[in-house]
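In the two assemblies presented below, chain A is common to both, partnered first by chain B and then by chain C.
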Partner chain A sequence: MNRKEFLSDCGKMGMAGVALSLFPWLESCTEKAKQEVHGEKARIGIIGTGSRGVFHIKNLLQLQQAEVVALCDNYRPHLDDAAQYYPKAKLYEDYRQLLDDKNVQGVIIATPLYLHGRMTIDAMNAGKSVFCEKSMAFTLDEALEVYNRRKELGSVLFIGQQRLFDPKYVKAMSMIHEGVIGDVVGVRNYWYRNNDWRREVPSPELERHINWRLYREYSRGLMTELACHQLQNGSWAMGMLPEKVMGSGSLIHWNKVDKRDVYDCVTAIFTYPNGVNMTFESIISNKHFGMGEQILGSKGTIDLVTGMHYTDEPMPKGSGMHQLVEQIERGVMSNSVFAGTSWAAETGSTAPGMPIMPNVKVVTGESSVGAEADGSKELVDAFLHAVITGKQPEKVLEESYYATQFALLADKAMHENAILTLEDKYRVPYVPLGSR
Partner chain B sequence: MQFQFSDKNPHHPVTYASFFSMHTRIELVATGFTEEKGRELAQSIEAEVKAMEHRFNRFDDTSPMSVVNMRATNEAVTVDDELFMALELCEAFRRGTGGYFDVATASAATDEGYAVSYLLDPKKHTVKFTHQGVSLDLGGFAKGFALEQVCRRVREAGAENALINFGNSSVAAIGHHPYGECWSVGVEHTKVKGTMAREIKLNNGAMSVSGRNSDGVYHIVNPITGGLVAGDELVIVEGRSALVCEVLSTALYAAPRAQRSVIMKQYEGYTATELYCREGGSCEIRTIDCNK
Partner chain C sequence: MKDIVIPAAVVRREIIIWLCCFVAANIVNWVVIIKFATPWYEIFSQIGYVTITSFVFYGLLLMLRAAWWLLSRVFKK
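Now for the complex of A and B:
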C-alpha cells in the first residue's frame, strides 16, 4: 500500500482527499484492502454481552467479514439476550473457557473497566486478536503492561476509541494539519448530561455488578467512561502529548440518591509542551450544553461534534461568493451567499460556519451505549480485517493508549490534588499524526 | 482580476473570478470548466463588462453616452446599435413601469415635468432630447444589462452550474449549486448585519434587491416627483431575466406602494416582495400582488 495514497475509495465515508499517511489505521477501509479479505470471515467471540456488547452485535450482524461463534457473560440474562442474535454461537459463563475455544480467532471485550487489562492479556496469551472497549486498562501500570505484552506477542489489539474512525474527525484533523485554522491555540472538551447514570437493578445484590460504573472498585468514572474519547482530540490535532495535568473532581449531586463513589462533576486541564491547554469538563446533573469538542486555532475554529468550521479572519468583501468555492470543494451546500443592496464587509465573528464535509452526522453524546454513524462500526470492521490478515495497523494503539493514560493521570491528579506529569516509564514510542 | 481555480473536488472543478467594474464588485463561481477555459471566460467577461462600463458611462467625456448627453439637446445624435438597443429597452421599461423606471431622472426639472425627455428614431438610430437640461444616466440599467450579457457568455461557454453576483444587489444563476437543487441567496437583514432576512432560491433565474444602501443612504429617485425615495423597506424581484429583475426592483422601490401592484401586472413570471426589517431582528415580508 502506497502511503501517499489518498482515501479516494473511502468515498463512502466521505473522506475523499484525506491523506492515508496521516491515518494509517484507515488503510483497511480502502477498496484494495477490502479485496484482500474478500469472502473471508473472522470468527469472533464476544466477552461481556451487556449494552455495549449488544451494540457491537448489532453492527456485526451487518458486517460481511463477521462470524460470531462464541458469547460469554457471567450474568445469565445478558448472555441469553445476546444468544438470540446468534443462536448457533457457543455460550460461556467463564471467559477463560471461551479463550480455550480454538474456533475463536478474535475477541471483543465489552466488560467493566477493571477487567479490561486482565482479559486483554489473557486473550492475547491465548493467541487471540483482541478488540477491547475503552478505556484500555484500570491503572497506568496495567495499561503499560498490556501495551508491552502486545508488543512482545505481536498480537492485533484495538481499543474502542471510535473517533479514530469517525469520518468527521478524520476530515477535521486532516484540515487542521493542512493549517486551515492556523496554529492550534486551545482545545475544549465537555460532556454534560442530566441523569443518574444508573441501570435498573433486578435485585439489590446485583447493584455493583450492574452499576459497576459508579464504584471506584471497578471504574474510574467520568474520566475513563467519557473523557478518554475526547482527550484524543488535543494530541491528535497538535501531534504532541500533554506535559502536565491538573484537575478537580467531586460528588455534588447524585450522592444524594445512592452510595456511588465516583465523581459526578470533574474538570481537568492538560497543558502541552507548547503551552497550549486542553480542557475537559463533565457534569451529569445539567445537560444544557450537551457534548462539545472544539479545536481553536489562530485563524479559525473547528467544532468536531457538529463538523463545522468557523473562520476568525475577517472575510474579504465578496467572500460570500468565495465561500461557494470551498463548499463545492468539500462537496457540501451550506448557508446562503449574502445579497443586499450593496456590499457590506462581513466579519468572521458573525459569519456563519461551513460544514467540513457532506452529510455530517452529529452525535449528541446523550446515550451511554453508543450512537449510529460515530465510527464504531468502521472500527469493528477494521478489527475484523486485522483478525483475518493478522496485521496490526500502525499508530492506532498508541492513540488509544495515551487517551487512556491521560484519562487515568487526570483522575489521579484529582484524587491526589496534585499537578502531575506522565512519568517517562509510561511513555511508549509515539509518532504523532502531524509528522508527515 | 482575482482568479482561482480548484479541482480539489474532482467531480466539480470550480472556477472563481472577481473584478471591479461599474462601481461594484462582480463575481463569478462556475463549475465544469478546465482551468484554462475558466480563465479565458473570466478574462473575456471582464473585458466585455469594462467595455460596457465605458460605453454607458456618462461621467466619461469620451463615452458614447457622454456624446449624447452633450449634443442631443441641439441635434439628433446617431448612436451605435448596442447603445440604441439599450435606449430602446429603457424606453420600453419606462412605459412598462408607468414612468417609475426612467434613465432621464438626472435631468434638470422643467415646467413640462418629466414625461418625455428624449425621442428615439428607430430608422436612423438617433436620439434627440425634447428640452434643455436632459441628461441620460444608464447606471440603473447597465448592471442588469451587463449581467444578462455575462450570463449569456457563461452559458455559451458551457458551464454546468454558475452563480454571478453583481455587487450583491443583483445575482443570476445558471443551473443550481452542485450539491443542491438551487443556488441559495440570502438577503441580508438591514438592521442586523450578518443575518439573513430572506432566502431566495435560484435555479436558472435571477434576483435583484433595491433599497437604501447598506450605509443607509437613500439613492433612488422617484422620476415622477424628482425627489429621493425614502423607503426603509427592500424590494426584491425574482424572475428569469437579470435585466428585468434589476429594472423592476428599482421601479417598484421608486413607485408609491399603491402603484406597485399595477406595475407588476405587466410582468408575468416575476415575483416581487417588500421586506421590512426591524431593529430587533424580526422582519415582515409582503408579496406585491399583481391581482390587487
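Now for the complex of A and C:
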C-alpha cells in the first residue's frame, strides 16, 4: 500500500481530516507531504539484514523515495542475501563503518534488542536519521538515554510500532475517541503461537547469535518482541498511561526442547489511573486463539485485529409479527425440564458485528518477521519522508518510548514478582494520542 | 381424462373463508402491534406477513374441515 492507497483507505473511512487532526503523524501520508518530497530520494543504510531487515528491504524496493546505499551485518550469509536486492549498495560488517559513510542519510536498525539503544545513539551522534525496530532499548535506563539524546540532537527517530500507521487501527481509534463504544472499560491483548520461535542454525556456535530472542542476555522475550506492539493500544484508546504493572511469566514447554531462558508463557496486567485494566497474555505452545487485541467499551467492543465492531446495545427487535413468531418459536423450542438448574452458562455474544471499514486487511500474527498490510510499509514510508525533510512527526516517539518502558517494566515485575510503577525519572512529556 | 368442475358456489365459499382468515390475520397483527408497542404503520408494512398468516389460517381450517368431513362420513355409515 502506498501513501495514496493509505489515504484512499482513510478517505473511504470518511475520516482523513479527522484522523490527521487526531493523529498528526499521518501528515506524512498526505498528498501535500508527497509533493513536498517529490523526486527526492532518502539514502538509507540497513543495519541488520536478517529476516526483519530483509522484510524492510522488500518494502523499500516498492517505495519511490527509497534508495538503499549501504548494508551492514556481521553475519555474512545474511549480508550476502540482502545484497541481492541492492547489488550497488556498499557492504559493511561493522555498523560504525556504515555510520561513517557520509552518503548515508538515514539508517534502519533491525538488529537484536540488546544492540538497539547503543546503535541508535551512535547513529544519531553520527548525524543520521534513525528508524529502529522495536523495542526501543534493552533497559529502562537505556530507553531514557535514547529519548534524551534524541531530544538534545533533534534527530529524526522512528521506532517500529507499525500499528500507528495501520488504517484499521487508525479508524478504530477514531471511533473509540468519538465514543462509539462508550467508556473504555477494558483492553485485552493476547498473542498465541505454537512454534519454537527458533531460526535454523547452521553451526552450534551460532546458536546465540541467530536465536538471540531466546536468551535473556540479548532479549526480554515475549514482552519486548510481541507485547511491545500491543501495549500501545490501551494508551492510544484511553489517552493515558498505566499506573501500575504486575505480571507472571514462566518457562513451561520449550525449555524441554532447548536451553532458552526467556519465558514462553507470560501474563501481565496494566492498571490505568481510572482503574481500567489492560491485559497481555502470550503462550507459544498453543495457537488456538491466535492474536487478539480488543478494546472493550460500555456500549460495545472493537476488535482491532479483525477490524470489527460489536455492539452491546440491544438489537432492534423487529416488527410485531416477527416478535410473535419468535415468541412462538421460543415456546416450541424451550426446554421442558421440570427440575433443571437455575444457572445457565453466560456464553459470549454471537452477534456477527460490523466491519469498521471496507476491505479490512487482517494480519494473523503468526509470522515472526512481519506481514503484508500491517502498517510497516507506511511506517517506513513516513520515515523516508522524515529523512528527506528532517521533520520528526509529533507524538510517535513518545508512544514508542512508553510501549517499550511498559514492556520492560512488566518483564521486571515478572522477574521481581512485584507490582511496579514507572518511576518519575522515566516519565517524559506525554501528549496522549487522539487528543487535539 | 375427466375435467374437474368446481362449482361457482364452492369457489365463492372458499374465497369468503380465506377473506375471513385474512381479516383474522389482520386482527392478529393489530393485537401484536399493541402488545409489542411497535409502530402502527406495520398495519401496512407487514401486509406480506399478514397474507402469509392468512394462508396458514386457511390451511389449518382446511385440515379441520377435512377431518370433520371424514368423521361425518364415518358416522353416517
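Going forward, the second predicted complex is superposed on the first by the 381 of 436 C-alpha atoms of A that agree within 3 Å, B and C clash if a C-alpha of one lies under 4 Å from a C-alpha of the other, contacts with A are read in each partner's own complex, and residues count from 1 in each chain.
Operating definition for what follows: contacts are C-beta pairs under 8 Å (C-beta built on N, C-alpha and C of every residue); 3 or more make two chains touch, one makes a residue touch a chain.
Keep in mind it's a predicted model, so treat the numbers as computed, not measured.
*Asks:* Once the structures are superposed on A, label A:G154 by its partner contacts, choosing first (chain B), second (chain C), both or neither.
*Replies:* Once the two structures are laid over each other on A, A:G154 reaches no partner at all.
*Asks:* Does chain B (first) or chain C (second) touch A:L324, or do both, or does neither?
*Replies:* After superposition on chain A, A:L324 lies in contact with both partners, chain B and chain C.
*Asks:* Quick check on the superposed pair: does A:G127 touch chain B, chain C, both, or neither? Answer first, second, both or neither.
*Replies:* Neither chain B nor chain C is touched by A:G127.
*Asks:* Under the stated touch criterion, which partner chain does A:G179 make contact with: chain B (first), chain C (second), both, or neither?
*Replies:* In the superposed model, A:G179 contacts neither chain B nor chain C.
*Asks:* Based on the superposed arrangement, let me know which partner A:P77 touches: chain B (first), chain C (second), both, or neither?
*Replies:* A:P77: touches no partner chain.
*Asks:* Based on the superposed arrangement, let me know which partner A:P273 touches: chain B (first), chain C (second), both, or neither?
*Replies:* neither
*Asks:* Comparing chain C with chain B, which touches more residues belonging to chain A?
*Replies:* Touching more of chain A: B.
*Asks:* What part of chain A is shared between its chain B contacts and its chain C contacts?
*Replies:* In the superposed arrangement, which is not itself an observed complex, chain A uses residues 317, 320-322, 324 for both chain B and chain C.
*Asks:* Inside the complex, what are the residues of chain B that reach chain A?
*Replies:* That would be residues 4, 6, 8-9, 11-12, 14, 16, 18, 24-25, 27, 29, 31, 163, 165, 167-169, 171, 177-180, 183-188, 190, 193-196, 199-200, 207, 209-215, 234 of chain B.
*Asks:* In their complex, what parts of chain A are in touch with chain B?
*Replies:* Those residues of chain A that touch chain B are 16-17, 317-318, 320-322, 324-325, 327-333, 335-344, 346-347, 350-352, 358.
*Asks:* Taking the touch rule as given, give the residues of chain A at its contact with chain C in the complex, in rising order.
*Replies:* Contact set of chain A toward chain C: 317, 319-324.
*Asks:* Once bound in the complex, which stretches of chain C touch chain A?
*Replies:* Of all residues in chain C, those touching chain A are 28-29, 32-33, 35-36, 38, 42, 45-46, 49-50, 53.
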